[in-house]
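Paired with chain B in one complex and with chain C in the other, chain A is shared by the two complexes that follow.
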Partner chain A sequence: MFDTALTANDLIFLAKGAGMTLIVTGISVLLGTILGILFGVFRYQVGPWWAAPLTFVLDIFRSIPLLIQLVLANAFVTTVLGFRISGFTVACGVLSLYTSAYCAEIVRGGIESVPTTLRRAARSLGMTWGQDMRSIVLPLATRVALPSWIGLALGVMKDSALVFIVQVVELLKSTQILITRLQEPLFLLMICGLFYFVISFPVARLGGYLERRWSND
Partner chain B sequence: MRTSILAAWAVAATAVALPAQADKLDDIIASGTLRCAVVLDFPPMGSRDAQNNPIGFDVDYCSDLAAALGVTAEVVETTFPERIPALMSGSVDVAVASTSDTLERAKTVGFTIPYYSFENAVVANEKVEMSNWEGMKGKVVGATAGTYEAIWLEGKVKEWGEGEFRPYQNQADVFLALSQGQLDATVSTVEVAEANVKSGNFPGIKIVDKAPMVPDYVALITLREEYGLINYMNLFINQQVRTGRYAELYKKWVGEGEPADLTVKGVYR
Partner chain C sequence: MIEIENVRKSFGPLEVLKGINLTVQKGEVLTVIGGSGSGKSTLLTCINGLEPIDSGRILVDGIEVHAKTTDLNKLRRKIGIVFQQWNAFPHLTVVENVMLAQVKVLKRSKAEAEAEAVRQLKHVGLSDKLNVYPSRLSGGQQQRMAIARALAMSPDYMLFDEVTSALDPQLVGEVLDTLRMLASEGMTMICVTHEMKFAREVSDRVAFFDKGVMAEIAPPEELFGAPKDPELRKFLAATH
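And then the complex of A and B:
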C-alpha cells in the first residue's frame, strides 16, 4: 500500500543535514549567548542613554528578517570587502549576532528582575560589583531568564533553516534536494519535521527539568 | 613645497588606482575554487544521482572549466530565477545553467559564446514512413498546446494545407498518443525526445530528424564587466568543441546523434 523511493542512503543524507543544523545552531547559540550576556550587562550598567548606539544596532538585527540579513551579509563580505569565506562562516556569524540581539534583551530583563534592594544589601555587606553580579544576580537572574533562553535556542534552531540561502546544506535544504529528486513532498516533509522534533524535544525537556529543579528551593 | 604637494597627489592617485587590478579570473585562480551555479532539477543538464551528488551535462562542463583553470569545482545549486541574483551577490563566480542568451539579460550579466543549444526533434511512430521532417506533411501531428513547438507545428500544418494538428494538455499525453498510433509524429526538444525514447515508457517511437526551428542557444554567464573571464571562457568553449569533449558530453548525457551546431550561418560570433 505504501510505496516510497526513499533509501537508507537518503536517510543518512538527511541525518547529515540534521547534523549541520545542530552544528550551526550550537555555534550560534553559544557565541550569541556569550555576546548577548556582554551586551545585556553593558546595556543595564551604562543606562539607556549611553547604550543607545548598541541598542540601535541590536534593534536592526531584531527587526530585519533573517533571510535578508544573510543575503546582505554574504554579498557585503564577498563582493564589497572581497573576502572569500565560506557560507558556513557567514551563516554562523549572522546567526550569532541575531541570537545575541535577542539574548541581550533576555539578560537585561533577567538582571532587572533581581530586586534593587537585594543588590544594595549585598553591596552594603562589602561585596564588590563582581561578587554581587556572580553570587547574587547570576543565580537569581538565570532562573528568570532560562525559559525565554530555551525558547530562543529552539527558535534559532528552526531559524537556521534559512541559512540554505548562503549555500549551507542543512536539514531543510537536504529535504528539498530529496523532494526534487524523488517527488514525494508530503512524506519527505513529514520525515524532516520528525528530525526537527527529535533534535528540539530533548532541549525543551532539559529546560523543563532545570526549571523544576531550580524552583523548589 | 610645490613638488611635495604634487608628490603627495601622485601617491594618493596611485593608492586610489591600485586596488582595481586583480579581476575575477585572478581571484578564482588565487582562491583555488571555481563556484558554478547549476540548476539541478533540469535533467539531463543538471540533476542528482541516487547518492544525491550533482550530475549532468552542466555539472561536467563546470568540472571541465575548473580543470582547465587548474582549480577545484564547487557546484552551487540554484533555481532558474536565482541564477543571476546568485551571480550579482557574489555567491558564485559563473553560472553554468543553460542560460538563454537574451538581449534583456545581457544588460545585467555578461554572456560567453553559446556552449549548448536546445534543438527540436521530430519524433514519429515507427509504423509511419518518414525520412526527414518534411515527411510530416499530410500526417496527423500533435504537441503540447501553447508551447513554442506546438505553435510552429500548427503553423506548418496550415502552410501545407493538408494533414491535421492536435493539441494536448501535457508532454506525456503527446508521447502516449504517439506510442498508441493516434499521432503520426510530434516535435519536442531533442533532450525530451531522447529521454522518452530511452525510458522505454513509450514503445514504438523513433527520432526521425531535427526540426528546422531557431534553436535556443544557451551560454555561460558571469558579471558583465569581467572581460578577462569571459574571454577565457569563450576560448574554453571553443576548445571543448575542438577537442571533441562537447560531442563526448552530448553522447554521455543526451544520447546518440550529432550535438547541435553552435555557429549561426552568415554572422560573426
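And then the complex of A and C:
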C-alpha cells in the first residue's frame, strides 16, 4: 500500500518482542493469580483485623506506579542485596506481586458473593471447609470474579510494557527500537497495536465463552 | 435421641437461649412455635454444631455436639437440616445437588449417589426435574429438593426451620405434605413452623419458645387446647 523499509527480519524482531510480552504476562498472571487466591482466601478467612498487615502491603503494591516499583525493586535486589539476577526475573517478580494485590481483592469479592446460607447448607451436609471451598465457593466465586479477572489479565498485559525499564525487550520496546531506526512511527505503532490485539483477543473472548457456558439456562 | 441440657447462648450482649432443656426421642415429631427472635433457629443451628454454645450441652445419640473431640462433619451426616431460605447450589442440576455430598462426604460412587438421588427426588415428587437447574424451580420445588438432598445422606434426624415461610401460599401445601409423609414414615423430626394446623396434626409434642425460654411443651391437644403460659395464649390468639 505504501513504501516501507520494514523487512521480514524486523517483523520477526517484533514477534519476539510480542513473545516476551506474552511470557512476562503469562508468568505474572499465573503466579499473581495463585498468590492472589492465597492472599484473598486468607484475608476473607481471618477477617479485616488480622489481615490488616497483609492488606497494607498489598495496598502499597496497588498504589505505587508500576514503573517506580520496577526501578526500586531492581535497584534493591541487585545493588543492595547484591544478587546477580536478570531484569526478566525482577520484572516477573514485581509484576506477579502487583497482579496478586489486585487479584486478592477480586478473590475476596468473589468469595463474599457466595451467600452464607449456601455455605451453611454445604457444611450441614457434612462437607468439610475444604470441600465447601472446592465444590461450592470456587465455582460460584469464579463466575462472579471472572470478568474482573479477565480485565486484570488484559491490564497486566498492557502494563507489562513498563518492564523495558529493567532492560527487558518486550513488544513496545521492540517497536520503539524499530521506530528509532526506520523513522516510521505510525506504521510501526499500528503493527504493534495489531500484535497486542492478537494476543489479547483470545483472552477477552474466553471470558465471553465461559460466561455463556455458565449461564445455566 | 437428642438431649439438650441447660443450653445457653448469646450473640454479644443479647442472650438468645436462656437455659433450654429438651429431649427428643427417636421417632418423635416435635414442632417448635414461637414469636420471631425467640431463638428457634439458633437452637436448630446449635444442634448440628453450626453455632457454638456458651454453656450446657447437647447430645445426639450420646455424642456431645460441642465437645472439642467431636468430629462435627461426621456427626452432621446423622442430622439433616433444611432452612427457611432456599439454598439450592445454583451451579448444579437438581440431581447433582442431591449427589454432591453423597459423593464427597459418604464417598459413594457416582452411580450409587445418582441412584439414591433419583430415588429421593422421586420420593418428594421431583422425578421430572432431575436435570434442570434450580433457577427453573419454584420455591416449593426448591424446598422439596433441599429435603431430598438432606434425606439422601440417610440421616437419623431431620431439622426443619420454617421451611414454608418464604413460600407463596399456594406452594406451602406441597412442602407440608412432604413433611407429613416423612413423619408418617417414622423420621425423628424437629420442625420450627408457623403452620398451627400442621403442628396440631403431625406433632407428638409442641414446644413454645418465648424470648429464649421454652415456656411450654406439651402434646398438641393439650398445648393448643389448654395453653397455660400467658404469652402462649397471646401468641395463639394472635395467630388465629
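Note that the second predicted complex is superposed on the first by the 215 of 217 C-alpha atoms of A that agree within 3 Å, B and C clash if a C-alpha of one lies under 4 Å from a C-alpha of the other, contacts with A are read in each partner's own complex, and residues count from 1 in each chain.
Rule of thumb we're sticking to: a contact is a pair of C-beta atoms (placed from the backbone, for glycine too) under 8 Å apart; a residue touches a chain by one contact, two chains touch by 3 or more.
Just so it is clear, the model here is predicted, and its values are computed rather than measured.
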| item | value |
| --- | --- |
| Chain C versus chain B on the shared chain A, clash or fit after superposition | fit |
| First, second, both or neither for A:3, with chain B first and chain C second | neither |
| Chain B versus chain C as contact partner of A:128, first or second or both or neither | second |
| Partner chain in contact with A:180 - chain B first, chain C second, else both or neither | first |
| Contacts of A:139 with chain B and chain C, given as first, second, both or neither | second |
| Partner chain(s) touched by A:87 [first = chain B, second = chain C, both, neither] | first |
| A:166 touches, of chain B and chain C: first, second, both or neither? | first |
| Least C-alpha distance (whole Å) that remains between chain C and chain B when both complexes are overlaid | 51 |
| Chain C to chain A touching residues, read off their complex | 45, 48, 50, 73-74, 76-77, 79-81, 83, 85, 87, 89-91, 100-101, 104-106, 133, 135-136, 146, 149-150, 153 |
| In the complex, chain A residues that touch chain C | 115, 117-118, 120-128, 131, 135-136, 139-140, 143, 214, 216-217 |
| In the complex, chain B residues that touch chain A | 27, 31, 33, 40-41, 47-48, 50-52, 76-77, 88-91 |
| Chain B partner contacts - residues on chain A that touch it in the complex | 7, 9-10, 13, 71, 74-75, 78-79, 82, 84, 87, 166-167, 174, 177-178, 180-181 |
